[in-house]
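The same chain A turns up in both complexes below, where it pairs with chain B and then with chain C.
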Partner chain A sequence: MTAYRVERRLEANPRHAALARIYGAIIAMVVAGLLLLLTGRNAFQIFWEALDAIFGSQRGIEGVLLRAIPILMTALAVALSLRMKVWNIGSDGQFLMGAFAAVGIGIHMSGPGWLILIVMAVAATAAGALWMLVPALARAYWDVNEIITTLLLNFVAVQLVVWASLSFWRDTENAVIQSTKPVPYTLAGLPGTNSLTIALLVPLIIAAVLWWIFRSTTTGYEIDTIGGNPRAASFAGIRVRFRILSVMLTTGGIAGLGGMLQLSAPGAQALGPGFSAQFGLSGFIVAALAGAAFGGVLVGGMFIASMFFAGLVLQTKGLSVYIIFGIYGIILTGVALGEVAARYRLVRQDILATERAAA
Partner chain B sequence: MVSNQSVTDSPATPAVEARGISKSFGGVRALDAVDFDVSWGEVHALLGENGAGKTTLCNIFAGIYRADDGEVLVEGIAHGFRNPSQAIDSGIGMVHQHFRLVETMTVAENIHLGWPETPKIISQAKLVERTEQFMEEIGLHVDPTAKIWQLSVGEQQRVEILRVLARGARVLILDEPTAVLTAPEARELFAVMRQLVDGGRTIIFISHKLNEVLEVSDRITVLRNGIHEITRETAGATAVELARLMTGEETHLDVVHREIDGAIVLEVNSVTALNDRGVEALHGIDLNVRAGEIVGIAGVSGNGQTELAEVICAVRRVESGTISIDGEQIANRSARKVIDLGVGHISEDRIATGMVASAPVTDNAILHNYWGDELSDGLTLDRQGVVTFAKKLVETARVQTRSVFTTAGQMSGGNQQRLVAGREALVARTALIASHPTRGLDVLAAQEVQTSILERRDAGCAILFISDDLDEVLLMSDRIAVMYEGQIMEVFNRREADRERMGLLMGGHAVEEATP
Partner chain C sequence: MMLALIENAFLSLAGSAIPASTVVVLAATGVLLNERVGVMNLGQEGLIGIGAVYSVIAVSSWSVGSPWIAMLVGMIAAAVAGLVFALFVVVFKASQVLVGLALALGGIGLSNQLGTNRNGTPIQVQFQEVNPGGKFDDNDFFEAFLFHEPPVYLAYIVIPAFLWFLLFRTRHGMNMRAVGENPAAADAVGVRVTWSRLGYTVLGAALAGAGGAYMVLSFTPTWSPDIARGRGWVALAVVIFAGWRPFRAVAGALLYGGMISLGVTAQARGWDLPSLEARDLAFFLSMLPFLVTLIAILIPAGAAKIGRRVRSTAAPAALATPYSREDR
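The block that comes next holds the complex of A and B.
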């Protein structure tokens, strides 16, 4: 009889961390399946339909990717702030403000499409960053908790959008109750796809750039150091305030740009109260579960987008929305537990004895 | 009810006994078949270097860890404690190095917190009354209505001890209790320890400070690398012998003191500065350190030493006065500028300001030079070079770690300090500010750090050596400045240093009463 023992790992191992999350998700799906079976539902059929919805057709895959874009943008924004232990809970608001600025430009400016789209992107980035300005200044100079400031500004952003869509930018030509006028410009389509645009490339590029910054630059090292111990960082001569400001504004900018990308997707193009389907929250979950690793954010963002997409399809097939939310919760809990489990390892007593002898 | 009156006294059966205890963490053997016993009514010192297994052994007694092998006997009966409350039920209680008190609550509340005997509903007045009564029984006093944060560290420790005794502990384990205390506070603690032991209790006193162990204990057990070396009566033991048992080698640092007439490197002129609470902590400090010279700052902690080190390193604002390194003004310039001038800083609290505990050894190794030409072109960081650099540092500073990718916070305190001191020795080309560089280190590690500082001195570095251990200051310094309440009281050449006079100055005795 071999005894096993749980031990804390001395160093983080990215491969184990990734695998543990995947195992966590799989175990959670099995648990969810068992619960479905217990309630008399055909779990196998439900999972099959979910998989079929995602991978069964090009439409499915494109649907997932389309949903992934805004989630990835907010997730990248949050992940960047988390590297510095700053909790940007306001990516939803920055996302909306980005879209707000983009709509303003799109409605009121005219010119060549590519130019307007670039101006929209720049304005959206600036608007997202600007929405972060007060929380960033308050955090950098007076150590005001950004969780509260960024969270509360979400509600302000929502009201601003409601106001715009009900009054000064209201669409009066179409029979819509609450929406701004549509923006007549859309991003170029991605070759070989029906509904995707080059917007899909933006989060991929941003993730790659962020990954490089944190892997290979002193800037990334400084941000990680501030995240680990801001006082030690200032003793090392790192300009902590400047970094807090620049990182917070950048995260706001990324979320804002996400709003513009969402707006310029074919079919969206106008802004209303339902414009952000809790993208900030989803992005936050993705960033936190990915442990603020940018590769993990891409995988996690795609995963959560496919989960939501499958949920939507299952809903149309008559599965209750409450059951779907329940399954979401079980799966995300599984991933979260996997993240914790990755910090430990299970070793056999006899192997441990050999290791000790070696040490 | 509150205290345990029935202190058993049977010299034949040890109060607590460990038989063949083994314990490992992450493949590292912390204890290897350790036998150990303590009798009733003794102070038993558990002596050893950091990582020798002292705390691990006591954590097993206190039910925090479970032994991989072996057994713990309390009054001859074997126990396998699964948690601290089982241990306390058997009369074993531990006071940890880091206090576990709720800062915002009163002494009375802390003592009653989580104690099964606390009545479910009780008034503040009754709580205070119970506490006072209990303190009376034990003979240990702290104001029961004071909030923890208002107390000195020594008083907080006393609350911790009361807390454990309240729960009926007859065997009290004190884990390096003097590490956080000033010298007078340590004296008081020793008196308390004697008093408790005279009342029939037993104290296991974990320490690596030889003088204290010789002063306060009845018997001594030495652990080295998780192995039981010796248990003996304290009477007749010598520091040299114990040091050899602890370290396994002869330890003696021979420092040659000189009078240096080299060029002045660090010059501090009439500097005033505020502390964190905005109160003036430095009142016009004048000080200089020459190349190749160690100037020691002697004084009781909290008399402005921290602020002095920080203004020199430009991490604290100077209100007035000037500071220069090789003639270049540095007061209120950037911390980066000071480091670039070749000033190393072993900060007094490595966890708070000297390192990033959550980051790997590599990231900590480069904290004060990552922007230099060796590792960076101004934009990118040469990660391969970082690993090479960290490996070299770990080797030269003798940091014991499984790899350079280990999280720095997972290493022992001694290894963390070796890493920080080694890193700063490399930064220090012109000057080194060493604040309590050996605090919490065991004999061998302390000596290594001291040796590396002496090497910097011999290389022509100007060194400011701050410590509240007068012996250490006398050992290391060529000149000694005594600091009291934000002022330099007097500067001695090492040759003229008079321990008694310095002691008086450290206590502020030579100050005129009329201070504004």
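The block that comes next holds the complex of A and C.
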């Protein structure tokens, strides 16, 4: 009989860690499926219906990609801050503020469409960054935990959007609709698709740029160093506080730009209470799943967007949106446990003995 | 005349702020208990939901006739969720941030799902306001402070006092704080770090559950989806504001409740400012609780920064860091 024992690794290899997170997520999905079965729902049927809803038609695939845009933007924002071990839980608020600024510009300025759209994008980025300013300053200079500050601002942003859409920017011509006036400008459509715009390219470009920054520049290296050990980083002469501030503002800006992209899709165009369907939350889960690797964010983003879209479709068939929340929670737990598992390895006792002898 | 008006406004604010913050006080004392032993549980929002929905279930499906027992059911349900959380983060040492957020999500999802068929149904079993006797009846002052339900007094006085005594006047409390500050040292002198963290994480979760139970058995008193509406996050914020001290946490929660009741009072009395429509004022007031809470978090750190001497406002040093002997 060979005995096995669990041994702690000195360092978790990034590849192992990524694999472990994916295994964690897969096991979590299985657990979620079992829970669905236990509560009398046919998990297999739900799964097939979800697959059919997504891949059964071009509309399904476009639907997923459409949801992937806001999810990817917030995920990239969260992932960037995670590189520095800073948790941006407020990407939903920054996303909303971006949309808020974009609507403000879009319904009050007139001019050539391309120019207005550019101004909207700049304003949205600035608004998202501005929404991050207080948490960023507090974290960088006063060491105030950013988790709670960023999260509280989500609630403020939601209220502000409700305020705008029911009061000062309310669409009075269609008084029934509880939203702002629609912005008359939309982004150019993506050739060969019915509902997608060039907005889809933005997260891809940002992911590529971030990937390059962290692969080839000092800035990226410094941020990773701060993430590893801020004290060591500061001894190495890195301006830690300044980097924290600038990275946090950038993450806010990315999420804010996401709000503008969502707003300038044909059909969206107006801001109302339900504008962000918890995109920030989905983005957070994507970033956690990807372990803040930007390529991984793209893959994870598509996965979560598929789930999100399937949830929307299945909602019409009696699967409640609350169950999706529950499944998100289970996946997040699976990812966290996967991270732990990556720090251990299973070894056979006799092999361990030989290894020890050799060392 | 003016003075009477101000007094009147203050009393009506206090009278509605006290019940409005009770949930936050209960959850915040739970958070304080968790964090003093080094565990950060971001799942408060979910725990409040679980505590609330199980109290509702106890009353409506299991025909529990006593609000205390219904509250106990809610507390046990939240404690079970807290035990699962503790198992993952204390025993398996998974990331407290990730599992905490998972608990927030899962708890909200679970409680909303369980509550689906109970939306808006009034809860028949409720806590009754204490009535200290006829002679206080006509007095606004006594009315604001005396006529509340029993859990309110537990939340504001009994639990924080007990917690303060436990943490700062007993050896056991000193050990608890050591576990939160320096678990390796505590371990070295024989304090059982894992057990202490497990136990107080579960107890803290039960307190958040009690908060949820109070909501549906007294405050609202009915079930509605997303019942916590940010109160769990406010509780986490309040503890930072309080510098991890029980009675300061009560004060922080009252600040939040004061802002909530400002909105309620403004609407009830039709307060109107010349330049703003009443409706706009209401919208503004509905974001105020969260804004004020945000500012409150910044106060201790800001005060320390500009050189004011504030007694230890720093977080427990080992907060959110898993402890394993092998790492020493």
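The criterion applied here is as follows: the second predicted complex is superposed on the first by the 268 of 359 C-alpha atoms of A that agree within 3 Å, B and C clash if a C-alpha of one lies under 4 Å from a C-alpha of the other, contacts with A are read in each partner's own complex, and residues count from 1 in each chain.
Throughout what follows, contacts are C-beta pairs under 8 Å (C-beta built on N, C-alpha and C of every residue); 3 or more make two chains touch, one makes a residue touch a chain.
As the structure is a prediction and not an experimental result, all values here were calculated from the model.
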By the touch definition at the top of the document, which applies to A:144: first (chain B), second (chain C), both, or neither? second
Touched partner set for A:236, first chain B, second chain C, both or neither: first
Who does A:187 touch here: chain B (first), chain C (second), both, or neither? neither
On the superposed three-chain arrangement, identify whether chain B or chain C touches more chain A residues. C
Look at A:8 in the shared chain and tell me whether it touches chain B only, chain C only, both, or neither; answer first, second, both or neither. both
Counting only touches as set out at the top, which of chain B and chain C does A:288 meet: first, second, both, neither? second
Once chain A of both complexes is superposed, is A:326 in touch with chain B (first), chain C (second), both, or neither? second
Note: overlapping chain A surface for chain B and chain C spans 8
Under the touch definition given earlier, write down the residues of chain A that touch chain B in their complex. 7-12, 215-221, 224-225, 228-229, 231-239, 352, 355-356, 358-359
Enumerate the contact residues on chain B facing chain A in the complex. 24-29, 313, 315, 334-339, 345, 347, 352-360, 363, 366-368, 370-371, 376, 378-381, 383, 402-403, 405-407, 410
Parts of chain A lying in touch with chain C, wherever the complex brings them together: 8, 87, 89, 134, 138, 141-145, 147-149, 151-153, 155-156, 159-160, 162-163, 166-168, 281, 284, 288, 320, 322-333, 335-337, 339-340
Of chain C, residues touching chain A in the complex: 42, 46, 88, 92-95, 97-99, 101-110, 112-113, 116, 225, 230, 233-234, 236-237, 240, 277, 279-280, 283-284, 286-287, 290-291, 293-294, 297-298, 301-302, 304-305, 315, 326
